[in-house]
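Consider the two complexes below, in which chain A is the common component and chain B and chain C are the respective partners.
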Partner chain A sequence: MNEQKLTTVGEYAYKQSRTRDFLKRYGMALVFIAPHLIFFLAFCIYPLIYGIIMSLFKYNIADPSQNEWRGFGNFITILFRADNIYHKEFWYAMGNTALFAVVVVPLSIIIPLFMAICINAKPKGYKLFRSLIYLPSVLPVSASGVIFTALFGFLFGYINQWFGVSIDWLNSNPMLAWLVILLLCLWGGWGGNFIILNAGLKNVDKSLYEAAAVDGCTGMRRALAVTLPAIKQQMVLCIFNTIIGYFGLYGQIYVLTNAGPITDSTNHATMSIMWYIQNLINSGNYSVYGMVSAMGLILGIIIGIITAIQLIITRERKSGTKRSNEFAEYLKARGSANE
Partner chain B sequence: MKIKKLLTSAVCIAACLAVTASAGVLSACKKPSRELVNDIVFDEFGDPIFTDESGKGIRLKIQSVIGSPDNAYLDMVNTAFNDYYRSSGLQADITSVENGIFYQQLANTINTDPKNAPDVIIFHSERLTYFASQKILVPMDETFELLGENNTFDKSNYLENVIAECHDKDGTLYGVPLDVHSGVWYVRKDILEKNGLTMPSTKAEFEAVCKALMERKAAGTLWTRDMTSVKTQIENATSEQEKHNIRERAWKQVGAETAASFFPVEMSAADNIESGWLPQTAVLQNGGKLANADGTPAWNTSSGLKNTLEMFEGWQDKYIGANRDNQTLFANLGNGNAVFGCEGPWWMEQRLNEYDNYLGEGALAILSLSGLYADDPQSPAANAVYGVGHVFSIANTAANSSATRRVAAALYAKFMTENAVKYTAGGHLPACKTVLESEEYKTSVAYNRYLKYMADPADYVMLGNTQYFSPVYEQLKTAYIWTLSKNKSGTVEEHIRGCFEEAMAQIRGSDDL
Partner chain C sequence: MNKFLMASLIILGTILVLMVVLDAVVLSLKKRKKLPANRIGRYFQQNLFKFNAFVFLLIFCIIWVIPLIVGVLGSFTSQYTFEYHPGQLIPEDGFTVDNYKHFFNYRNSASGERYPVERWMLNSFIVSASSTLLYLLFAGLSAYALVFMKFKFRNVLFTFMLFTMVIPGVATMTPQIANMANLGISRSLLALILPGLGGVGGLYLIRQFFLGIPKDLIESARMDGASDFRIFLKVVLPVGKSVFFVQGLFCFMGSWNDLLWPQIILGTSDPSLWTLQVGIAALSQSKTANTIGLNLASAMFSAVPIILLYIFTQNRIIEGVAASGVKG
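This part shows the complex of A and B:
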């Protein structure tokens, strides 16, 4: 009987010590990650799953009795039913967004890269310039939009006044409207890529530059042959983050053009996919929420595919010399076998 | 490893919770339980008692789409309601919600936020049919019937053309109309009279006046007057004679060079307020309809619409300047660079005060849309004007399952509409006949100063009982906006057809959902 008591106490003490050890080891980590974890679960995981469920329904937020199971009907409509207005406008907006991303992404890399190279040369006052370059990124989109509206306004805009022209930048020609949106995106966005590329440039091995100098490689040739390959990882990161970011283009369009000008009876010329989804939610049609959820998921899948491409491209680089080592071993083994 | 398992478990638990909550979506397929609980208690006079045993009364939450400046007038009537019903324990608080988010958040608030859900909503009556179909409103007739013999609500006391839009497709009344209104032309009557012209009343006269003004401009004999140039002087003037002299000295005779930016009409492709009235009125004044019986658009076949839009298209750079925008309307009217500007009626009091003060009484006049777009001014429909109304409806909330609360909401709607004289100062014509015919209304400053220049209330034609409000109304606006757009291609007829097809595509898409 005493033995059993000792055994029971021993087991009890063992369990207690395991729990204490666990908390001792991971308790502080849990305390620190708990806020983010709770936020992540409540505001990311839960809405994601709820959205997936909604996308399988005709979902009416006003009258739940009208909710109907549609299965993949919403997805089929968006992807395949060319006669349906949601299909038409979804892909029109997606086309606008993709085309804009194709144009803005190279500029969003080249311009910050150029600035990073200049700053990396540490000219006089480079610290001030570095701050000024990043400053627009600190401003919220709404504030930037007010600035650009003041600049490019038709009647009282500063650009028209300074240059003595009378151009309706935002409400006449779609190309002009896209140009202003592009300028706002570049101006507001170059700070982030600049920081990453600048950091990348700082980490380029100085011996590479010395070696290049010995071989007589200077100036532009050095930038192309030494600098760019050395910061390839950062550039790939910037490219894909920028692409993914601009697939969510909304704020700049909302504050500048609200997807106008209207080019014909059907289309808002500067409509992006996020603006379209948001406009559907605001349209006053309470039955559209299932369809909108499906659109959001399809957009998420497309962005996921882009992310996957990024992972595949960067993964090979991360493998380092693994493949070459494996090949060297293969050759060695083959050579031994031949002998 | 353990932390990884813990995190994985947490994510799985969250996923399960999400699925469970999502199952609420399935279970929510049942009709919400808001069955009426008949808890009304009447006093010895047959009036409902609004206080409970502890003496606590009912405080109604009202959400209104009416914004500045006319919400100030509505607040006056609300104050009168509170004063009247204070001893009964019934009070009401109005919250004004911006138009853009009012309709978006309404259904969500009613269904998912019971604490903040409104008891009564004040909104645009053209959306009533749709809201009724979404079951977020409570039938009004049935609510008044709960009062039994003490029910004094009489539908015939409201304008037939206005209250018709407060029914759903089946003819059930879901709201009590407050008002009807339309845009108006603000006219620099002083400039017209100085140039020997009179206020137009038909399409041909309107165009003739514009033509005459432009001819005078070309000849260098156009008289115009800038209000902004005299403001400071008028404020510093010490006598009426001095003010009169200042106003007379402000007149200038200008020509094409000195008044290059003068164009008689302010219209814009920038989605101004006029896009919500002019094309609609053009359809109605030429005998057309805005919506068919099935709710689909009926304006596509209107020859009056086509003719009017072609007329507006022809006015560009002729009577309408190239640099017009919704910001310039009152500025250009004020500085004499325009004579006609279409805006909402809620600015009438403010603008008339401004012009009377600086340029003298009668400098600014109000011109209704009656007869201005009819191809045949003698036709019976020539005076029709597209009307927009505000309506009181009871929200279908859990709180309103109490019959006492529902009746309180209905009595609120009745009181507000039957005592709306103060509200009309905001540029709205009352929908209640008692108010229209009252001495208080007819002798009011607002009526004699500007309301009587709006169209006859009986001439207003509403959008009708369509649940496709957005495609029918917004695509017609698009047709107008495109007409004045600098970026268009094709003819007006092609574009009307395109807008109609887009509206039908939206309706089919909505029905497919």
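This part shows the complex of A and C:
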């Protein structure tokens, strides 16, 4: 009895000292890390797991007792069932988004690259020009969308009046509506790329240009052989950021056309994938959430694949520099051995 | 076609043509080495590209700010002008502030209730400011622990966090709504503030900056018997002011400009919950002559705070964006 008590006290003390030791070592770190970690787990990791589970059900957000197990039914419907309305609309919206990205991404690399080269020549007042060029990119999309609605209105729009034409930009032909959306994306869409490319150009080693000039390499040749490889990292970053960004195309469409105009074949001619998902969520149909999260996961996997390609490309570059460094060291060692 | 527009187009076109001609002349003179030896000759010998860039940027920027000018001037244009003299930048009957008055007294056409515009601004401000401050605090503390405190698995933890950045927001958006509903905070501003606090992007930037702070600084403070909180407040915060400022700007602008998530969370039923962006997007759905000026005035309300912020902090913002490209 006595002995037992003694051991208990000993164990207690041991345990106590261990807890105290643990708290002493990790307590502070836990206190520091906990606030962010809790939110990270609750709002980044948990939704992901929850979303995977949701996508396997016919999930009813208002009344969970009506949930029906569907297995991979939602995914199969979206991917393969050609007669289903969700399949049709999802891939129509995907096609729209992808086609739009194909048009807009090259433009939002080439224009900022050109502007960055101009700014990099440091003409008079280049700082003012730089901040003016970047300004539309910080504006909220609802504000710039409203301005473009006023510019491209039908009866009272500025553009129609200035040029003396009467074109219904936003409500007649889907291609015209896409054109206005494209212009809005070009006005407020590539400022970040411009700043990043400009910084990349600024950091290009001047001695590279001098070496190229010695070798008689000027003009276009110099731009292709010296400048572009030197800012390759920034280019890759910009290209992939822009692609991923335009998969989330939403605000421009909502404010300008709200996925109109209505045509013979569809009610939502300028529908992007994010607009479609948002529309399903706000449609008032509470049992569509399983389907929507399956769509979100499919879109997420597509974007994940694009990001993975980007990571592979940048990693290749890194190992390349490592190899070249190794080679330089090898050359150095051989040089010193020869001496 | 508008005469003024015609004239300005002709002027801009002439400038471009003149520039090309000048280029051709200077290049041919250069080739034959007959460029005059005076100041102008020397300027073009060295700075031809600079000169071209200047002219081009000037023309580009003039075209670039047209939508902004239209936005600002249009918000002071009367309904009468929009209806009977559309397309006038400087209206005949002078500028008015009617649109702004109208914006504050605008009524819902269906229910006849006044839109609580000042509530939208307050909501927007509450959401942006509190999410920015809380995020900076939490991410700063976390980054401090990840960099200056030694504990098991800290690098594993951070690498795991970085990997989750690959997951795009859309994949977790729908479950996030269900998550908010389960927590009982959907249809409230908390649902706009809380999800952003778990973000990893800002934490990454802050951690990158902290890695550059010499460890000796922290060690010597520890030797002096300062607690970790004290070190964080007195040493790390003052040193890392710039990165906190830049990250705070990004947070604030991102949350002020956000449209999709507030729209989904706040719904359409109760306008007193809306943020400014949601309200403006809702107003912008009516596109008649009566509401063009009103819409532009409301757009100015959402744009002007951001423009002011940008004017005063543009160098920091531009440096921040540039740094994210050069390092990342």
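Heads up, the rule we're going with is that the second predicted complex is superposed on the first by the 279 of 339 C-alpha atoms of A that agree within 3 Å, B and C clash if a C-alpha of one lies under 4 Å from a C-alpha of the other, contacts with A are read in each partner's own complex, and residues count from 1 in each chain.
By definition in this document, contacts are C-beta pairs under 8 Å (C-beta built on N, C-alpha and C of every residue); 3 or more make two chains touch, one makes a residue touch a chain.
Computed from a prediction, not measured in an experiment: that's the story for all the values here.
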Item to check | Comparison of chain B and chain C by chain A residues contacted | outcome: C
Next on the checklist: With both complexes overlaid on chain A, does A:A29 touch chain B (first), chain C (second), both or neither?
Outcome noted: both
Checklist entry - A:K58 contacts which: chain B (first), chain C (second), both, neither? => result first
Next on the checklist: Let me test your reading of the model: by the given contact rule, A:F72 touches which partner, first (chain B), second (chain C), both or neither?
Outcome noted: neither
Checklist entry - Between chain B (first) and chain C (second), which, if any, makes contact with A:Y12: first, second, both or neither? => result neither
Checklist entry - Of the two partner chains, chain B (first) and chain C (second), which one does A:Y86 touch, if any: first, second, both, or neither? => result first
Checklist entry - Where does A:F43 make contact in the superposed view: on chain B (first), on chain C (second), on both, or on neither? => result second
Checklist entry - Given the touch rule stated above, what does A:I281 touch, chain B (first), chain C (second), both, or neither? => result both
Next on the checklist: Output the chain A positions appearing in both contact lists, the one against chain B and the one against chain C.
Outcome noted: 26, 29, 37, 41-42, 45-46, 48, 50, 54, 59, 61, 155, 281-282
Checklist outcome for this item: In the complex, the residues of chain B that touch chain A are 2-3, 6-7, 10-11, 14-15, 17-19, 21-22, 25-26, 28-32, 100, 103-104, 107-108, 110-112, 127, 130-131, 134-136, 269-270, 322-323, 325, 327-328, 469-470, 475, 478-479, 481-482, 485-490, 495, 497-499, 501-502, 505-506, 508-510, 512-513
Checklist entry - Hey, which residues of chain A end up touching chain C in the complex? => result 25-26, 28-29, 32-33, 35-37, 39-48, 50-51, 54, 59, 61, 115, 117-119, 121-126, 129-136, 138-151, 153, 155-158, 160-164, 170, 187, 192, 195-200, 203, 234, 237-238, 244, 247-248, 250-251, 254-255, 258, 274, 277-278, 281-282, 289, 292-293, 296-297, 299-301, 303-304, 307-308
Item to check | Residue numbers on chain A that touch chain B, as the complex places them | outcome: 22, 26, 29-30, 37, 41-42, 45-46, 48-50, 53-54, 57-67, 77, 84-86, 88, 154-155, 166, 168, 171-174, 261-266, 269, 281-288, 290-291
Checklist entry - Can you list the chain C residues touching chain A in their complex? => result 1-2, 5, 49-51, 53-54, 56-58, 60-61, 64-65, 67-68, 70-71, 74, 82-83, 86-87, 89, 137-139, 141-142, 144-146, 149, 151-152, 154, 157, 161, 164, 166-179, 181, 194-195, 197-200, 203, 228, 232, 253, 256-257, 259-260, 263-264, 267-268, 277, 280-281, 284-285, 287, 289, 292, 295-296, 298-300, 302-303, 306-307, 310, 314, 317-318, 321-326, 328
